[in-house]
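Shared between the two complexes below is chain A, which has chain B as its partner in the first and chain C in the second.
Up next, the complex of A and B:
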């Protein structure tokens, strides 16, 4: 009986993968959209960093902790946890867009290297694991205690945004805004 | 009686699919797939003739021809491979490497079996031989689907129908042939109908998705960046490593 388990597993795995692929293909049919993002999306990415700085900046917390009661402290922390997690999710989405843009191009590239592709896939997987861990960490500690971590992430997000915009500008120069050479200048206050 | 109904329905649907493809003139668009379907249709007709005229020889004839059908099934795999990756040269390179990783151990196993004089080591019966062939097809299908999903390769209605239909049949065959080889399962009448019912479901999917010609969507026109893979992969790697290092740094604070 035990020697048949691999066959059972293989059959069920194929069924599951087929079902997932059909669902994924139908739901995400507009894959080309990744290669040609709308201007509005790029603008929203641009304002994303400012929003992050506002969410994680020390000013609000300093004011709340100085001027308000303990109950308000708790309420503020709860609200900011939700916002912080939402921000990290958007950050994850940005990196996913970069990766998808890469894949959309790599599929047609004649000089594609298998080792590079595997390294990139592993790197992306690791990033997702780290990003999810950070979400869990903020969920546990709250955004105030995790401010330093988030500060570093904000700095990275600024760099990521620049790289992302540059990549998108190369892919579709008409729909993206012009990216200057000094795009990598995000400042962080932690 | 139920078996006979299933049999006739399958023959009718296969004939309908082939006739429709010839009538609508897209038989040549999926030559390998329709070669498989025509072969299976002919086999079914031969089987029916043997079943009617030489019922004693039928079981042996069935297993011999079933082995043939499983072998011709690789034509469908080739069709999927050719249709899906025709315009994706990068993905073809990855696919070749992955397929080699799957096929090399199988070839080694066959060679080792031939040297030791036992042929297929696990092929004690035709059923186990077919089971192993279907398992290999399942592995190849997983590679093709993984590539289609990972690289977001656009697939048309026809190709999706071929993959989903054949995938369902192969998955059902792997499970039923695996369990059918157990002493308690094989002889059960209900168990023997699982594979024909799965094949009927496959034919229904094919009738639905291959009724008319729907070519694969054309990939987006080439942009400037597509000419430089190295630049792109370096850039993506840099972004990912930056992202990772910052997140790691964050975790240590």
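Up next, the complex of A and C:
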């Protein structure tokens, strides 16, 4: 029995971290949005996807590493790390918005498929875990090295969004346009 | 009023502004600074006497805001190398010594006022970060030129 204790502890720890992530993403950010509604109303100049490409694109790093000193390299890495993390947080927020909208609609729906809902919830949780891991990964290695894995994660996020939209369309066709056209479709160039 | 309809209304004013004023400025960064400096920071309205005379004050202000966003977008999505080139062109076009411009821009962060009013927060962050890096690179280049001149 005592041999199982470390596993039990690890399991509980993982569960606590997951619960915290979900809490942080769904509840905290929802509240932040209510407190700062003007942000979502600001007209977007550039699409979120294009900005992702701009942040993770290889051209600037190629130029900086070729033409400048190590001090500028470090500055560039530092600046892009901040931008990459900020961008990932926004992507996470957008997926959470879709999830919240879906939850709100699903609560009223009578035509729910439990297996699909569970699969969706699991995908969402995994996305949150991956997104937070990516933030840690970028902090550790910088956005240049994390470019490929970011691209793959965002492709997954786009698929997740597609699945949500299909579900939403089935449950409540009127509220399908909850996420605007600026949502990232996961095309970060590697 | 839809965005498309509004653009139709201001399109002649935008064309006028592009061809008569903006095309005479050396590069997009100069255009961005010009447009941002034509804006009243308290109200966010732009002023251009010639344009307002031909059209109206409201149309002129809207046309300038649209051109501001257009120029900003171009600079936002150009590479760092191109941004440095544009910034260099702007600095050369001023009558101030390049070292002084670079120092004041770096320390005062004057470039922050060049962001259009209706701008996505993330886009503004990306732009400001790129300008910061571009300024640092230009300052390094400027310092090495000065060192070369002193040692020669």
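In this text, the second predicted complex is superposed on the first by the 106 of 190 C-alpha atoms of A that agree within 3 Å, B and C clash if a C-alpha of one lies under 4 Å from a C-alpha of the other, contacts with A are read in each partner's own complex, and residues count from 1 in each chain.
One rule holds for everything that comes next: a contact is a pair of C-beta atoms (placed from the backbone, for glycine too) under 8 Å apart; a residue touches a chain by one contact, two chains touch by 3 or more.
A quick note: this is a predicted structure, and the numbers were derived from the prediction, not measured.
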Q: Considering only the touch criterion stated at the top, classify A:98 as touching first (chain B), second (chain C), both, or neither.
A: first
Q: Name the contact category of A:133: first (chain B only), second (chain C only), both, or neither.
A: first
Q) Looking at the overlay, what does A:7 touch: chain B (first), chain C (second), both, or neither? A) first
Q: Considering only the touch criterion stated at the top, classify A:109 as touching first (chain B), second (chain C), both, or neither.
A: first
Q. Which holds for A:86: it touches chain B only (first), chain C only (second), both, or neither?
A. second
Q.
Tell me which partner touches more residues of chain A in the superposed arrangement, chain B or chain C.
A. B
(Q) Per the contact definition in the header, classify A:119: touching chain B only (first), chain C only (second), both, or neither. (A) first
Q | Residues of chain A at both interfaces, chain B in one complex, chain C in the other | A | none
Q) Within the complex, which stretch of chain C touches chain A? A) 69, 72-73, 76-77, 79-81, 116, 118-123, 125-126, 129-130, 132-133, 136-137, 140
Q. For the complex, which residues does chain A have touching chain C?
A. 39, 42-46, 48, 50-51, 54-55, 59-60, 63-64, 67-69, 71-72, 75-76, 79-80, 82-83, 86-87, 90
Q) Once bound in the complex, which stretches of chain B touch chain A? A) 87-91, 93-94, 97, 131, 135, 138-139, 141-142, 145-146, 148-155, 160, 163-164, 167-168, 170-175, 177-179, 181-182, 219-220, 222-226, 229-230, 232-233, 235-251, 253
Q. For chain A, which residues are in contact with chain B within the complex?
A. 1, 4, 6-8, 10-15, 17-18, 20-22, 24-25, 28, 31-32, 34-36, 95, 98-100, 102-114, 116-117, 119-121, 123-124, 126-127, 130-131, 133-134, 137, 148-150, 152-153, 155-156, 159-160, 163-164, 167, 170-172
